[in-house]
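Sharing a structure below in structure tokens format, with a few things to ask.
Just so it is clear, A, B, C and D label the chains in written order, and each chain counts residues from 1 on its own.
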Amino acid sequence: MPVDVEARVISNTRLSPDYNVIALAAPEIARAAAPGQFVMVKPAQASAPLLRRPFSVFEVLRTNGRIEGLTLLSKRIGTTTNLLFNAAVGDVISCLGPLGRPFDLIDPPAEAWMVAGGVGLAPFATLAEALQSRGINVTLIYGARTSRELFYLDWFRTRGVRVLLATEDGSSGDRGRVTVPLERELQAASDRNVMVYACGPEPMLEAVAHLASRYGRPSQVSVERVMGCGLGGCYSCVIPVRNDNGGQHYVRSCIAGPVFSGEEIVWD
Amino acid sequence: MGLTDLSVKIGSLTLANPLIAASGCFGYGVEYAGVVDLSHLGGVAVKGLFLTERQGHPPERIVETPAGMLNAIGLQGIGVHRFIKEKLPELRERRATVIVNICGSTLDEYVELSRILSDAEGVAAIELNISCPNIKEGGITFGCSLHGTFDVVSAVRKVTRLPIIPKLTPNVTDVASFAKASEDAGADAVSLVNTFLAMAIDVETRRPKLSNIVGGLSGPAIRPIAVRMVYDCHRAVKIPVIGMGGIASAKDVLEFMIAGASAVQVGTANFADPFIWSKLLDGITEYLNRHHIPRVSDLTGTVDTGVHAAH
Amino acid sequence: MGLTDLSVKIGSLTLANPLIAASGCFGYGVEYAGVVDLSHLGGVAVKGLFLTERQGHPPERIVETPAGMLNAIGLQGIGVHRFIKEKLPELRERRATVIVNICGSTLDEYVELSRILSDAEGVAAIELNISCPNIKEGGITFGCSLHGTFDVVSAVRKVTRLPIIPKLTPNVTDVASFAKASEDAGADAVSLVNTFLAMAIDVETRRPKLSNIVGGLSGPAIRPIAVRMVYDCHRAVKIPVIGMGGIASAKDVLEFMIAGASAVQVGTANFADPFIWSKLLDGITEYLNRHHIPRVSDLTGTVDTGVHAAH
Amino acid sequence: MPVDVEARVISNTRLSPDYNVIALAAPEIARAAAPGQFVMVKPAQASAPLLRRPFSVFEVLRTNGRIEGLTLLSKRIGTTTNLLFNAAVGDVISCLGPLGRPFDLIDPPAEAWMVAGGVGLAPFATLAEALQSRGINVTLIYGARTSRELFYLDWFRTRGVRVLLATEDGSSGDRGRVTVPLERELQAASDRNVMVYACGPEPMLEAVAHLASRYGRPSQVSVERVMGCGLGGCYSCVIPVRNDNGGQHYVRSCIAGPVFSGEEIVWD
């Protein structure tokens, strides 16, 4: 059951000229959210934009074990993300959630590789925690344009997540896309039981899903479609998936997803 | 407070209150069962249905515009048969007042759809979508021709006793004449407005922002035009007018009713706030109490143009 | 930067750039001489003129709506004779490219006005306002009838060599057919859109917010509809289309041009920012440079719908 | 020549739950403004409202004689006035001005009576200063619903302005409208040369103009009409004035006013 919370901004940390992490007092949502789920947000005071925008739950905030809220990792690209970037402590953000189908969690001895492109890092903080609490070995394969756009590395490392990096300019880790370290790992780990989780731009997801299936590994990808409602009401967020009969049809990624099996999706 | 009567009549149908979820903006209703008690709504107009399943248009299907949005969903849907089998039982169980929005490519399809729905249990009314701007075969040819409108309504009238509500397009010169044609053909009510045919272009790529090139504009942006059209239609016909277009607050509901609507639909605003319904009901009730108006239906068409006409 | 060619042609008329101040939103031009160098504008469309002076409607004449405004000014104006005597000399002196927007109650009035203006020095073009939604006698009867449009344009064509630009109303089913009728009758260009007939009601008093009951909706709210109409008209006619409706940024200007406009007009946004003109020009120039487009006129009608049509 | 200034909020003082005084860094406008002129403002960040709103210049701010900006006295009634009420220091307000026809200043030995209703006080701070610098005796006759809505009394008193009050609930000064003290003064001052200046709700202006002319005194009233542009572009702000031939016609109050002679206006 999603709820709508008029959440106060607890803190807003700028990570770069475009990225910020905003903490919101929405404990009801934080408590109920499973890794991979999202919230639909709208700055309460602003009359524009008209529609909410989807954001993954990044972290669940705890003080002395009590859940206080959640954070969003946001990259500035337009109206809402600019408002989030500039939000002040105390501002109110309407926050509807949790929404969508979360990641399927695996069981040991399988291990988890989380492949993140850019702001696609967002769902993996909570996923890492959930997997680790089941005793899963977790690797983060994380790419960005440059090392200055790689965030929260220590967060993952101190929690024992193995971190592999790729940057397009070679300033950290492999030069190139995230598929470079991913393929190397897939080649090296042919004997291990691996679930590939991915979140990032769609071309990346497609490449990751193809690589995974080429190496016989299952994958779960979290897609980002333009969403009008997040609840299955508008049919804006559709993505083509395979039919049983070999054809394809559109499903609403807000309720059938945002997480899909990589094999399910019909890539362009 | 409890004494306020929020019920309204649409022909033979009594709605618990004037708030109807607009077609295409509330899925098949069941999607919203987790956030709204469907029996608390005046009615639920489900997503437009054809006889058979439809894929709809490829993405992008929506784009936000100033105080509005464009959509070109292309009427993706499961078709009337699956609707009756898969969705109607749950809607019935949840005691929703179900208004089925139907679309056809031909007059016969509207007739066939209406016949099928008349035999289904739990359908309260049929809304004839002759106004979808996004697909060529979505009845817009009927909706833009007075004869077409008259013919499709008369033909459906012959096969059903369910209330029929033609949904009118605002993309015409004189919408009131379409309300009149609907009334003459035996409609129980008319609903308006559907969306305005519109377009947005990404100037960097010079491509339309919607895959379908054009789409339908909805949301607060269109409200003043929609209110005017409801006002025009209310003066032209005796049957009830169901108003919509950009309703986002109780004040907007009241504005439409005062202009001439007997009930209203809410579309786009439900996307931004799925919990809007109780807020609207509270606002309406507060207004009625403050103004000592016992029945919400007393508001319909009470706009006071008198003093101004004197000028 | 200096190599960018911002000039555009409207029939025989060359404008320095595609930006025209929209009629009714810029007074008689002279009011703005203190904030804008009028010779830097592509053109100035002055407030709609009748043969004689007019009082206009009583206040309230405007009301703000979501991302838009309604107006029912009622064409208050000083009449063509006083305009020529009192305003035109200053406009001439300031080297404004003057487009005179004219309104008549009868076909003969349009003809008479055009004849008078043809003899006046300093008039660059005549915009035929056959689309004002706010007054019964404002030519809207011409603007909503294909015959009416054809007749008034043909009649004016006979008495003037000035470029004639019928201004079309969006309150019709198929605006492109009106563009075609205008072209067939000898118009040099068409301009669109005028405002959408609309209404707002104060729910506390249940009175219309405008004294005239209804008014015309303008501003960003209508932009997607206007862009679509410009797109439709551009494909229907060979004469230039002058686009307007909610333009408030350089991006919006570009969107209209890419959709099919040869020039644009800016109305409502000028109220909010009278210094908008140089910002628009800068933005257009920046875009053209970035995209290596030498002439702004190269943009007209270049919307790329190809890939999408493939679906 | 009006200018448009992206003015930073220097301070924002709440006077009551509805009234505030906001100081804006618009020295260009403050320098040029004459008493009775106004500015058209729009909070820069907000996408709504679409149109600017007119406000009288309340005070001219000086530090060591240097003009730093201006203040507005605002009463909350809708979108913009709410944004002004809640504006934070550092926010940007677009401020276009100075606009409109100012008050005509009189010469001694005439004296000036400024009649203010509610937020109609706004133009009288600068008017009082301008008149006093010409050696004019200034009286402020100021009315509101209650004493809690009477502001800046000390400001005027310390500058030697005689202050007469009226409140509807009788909590300060005369019980009733501002016309009560005004009429008493008019009766008492039959031998003095007085210009009546007035600003407030239109029924008040009408009553004041009638009273003044009944007692043979000239008046100047500042009217408040809904304004779309403030520059003569839109014809929204019209008010009927008398013709030479006994008829009436509409003039644009943004450029022909907002100050008119009380005799000129055709009251409803």
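In this text, contacts are C-beta pairs under 8 Å (C-beta built on N, C-alpha and C of every residue); 3 or more make two chains touch, one makes a residue touch a chain.
All of these numbers come straight from a predicted model, not from anything done at the bench.
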For subunit A and subunit C, chains touching each: B, D
Centroid spacing, where centroids are CA-atom means, of subunit B and subunit C in whole angstrom: 33
Mean-CA-position distance for subunit D and subunit B (Å): 48
Interchain centroid distance [CA atoms averaged], subunit C/subunit D, Å: 36
Where subunit B touches two or more other chains at once, by residue number: 66-68, 219-220
For subunit A, residues that touch 2 or more chains besides their own: 47-48
Chain-level touch network, classified as line, ring, star, complete or other: ring
Pairwise chain contacts, counting only pairs that touch as defined: A-B, A-D, B-C, C-D
Touch list for subunit B against partner subunit C, complex: 57-58, 65-68, 70, 144, 171-173, 196-201, 203, 205-208, 211-214, 217, 219-225, 227-228, 231, 246, 251, 254-255, 258-259, 287, 302-305, 307-309, 311
Residues on subunit A engaged by subunit D in the complex (per definition of touch): 46-48
Residues of subunit A defined as touching subunit B within the complex: 1-2, 4, 42, 47-52, 94, 96, 225-226, 228-229, 231-239, 249-250, 255
Subunit B residues within the subunit A interface of the complex: 24-27, 31-32, 34-35, 47, 55-56, 59-64, 66-69, 71, 73, 76, 219-220, 268, 270-275
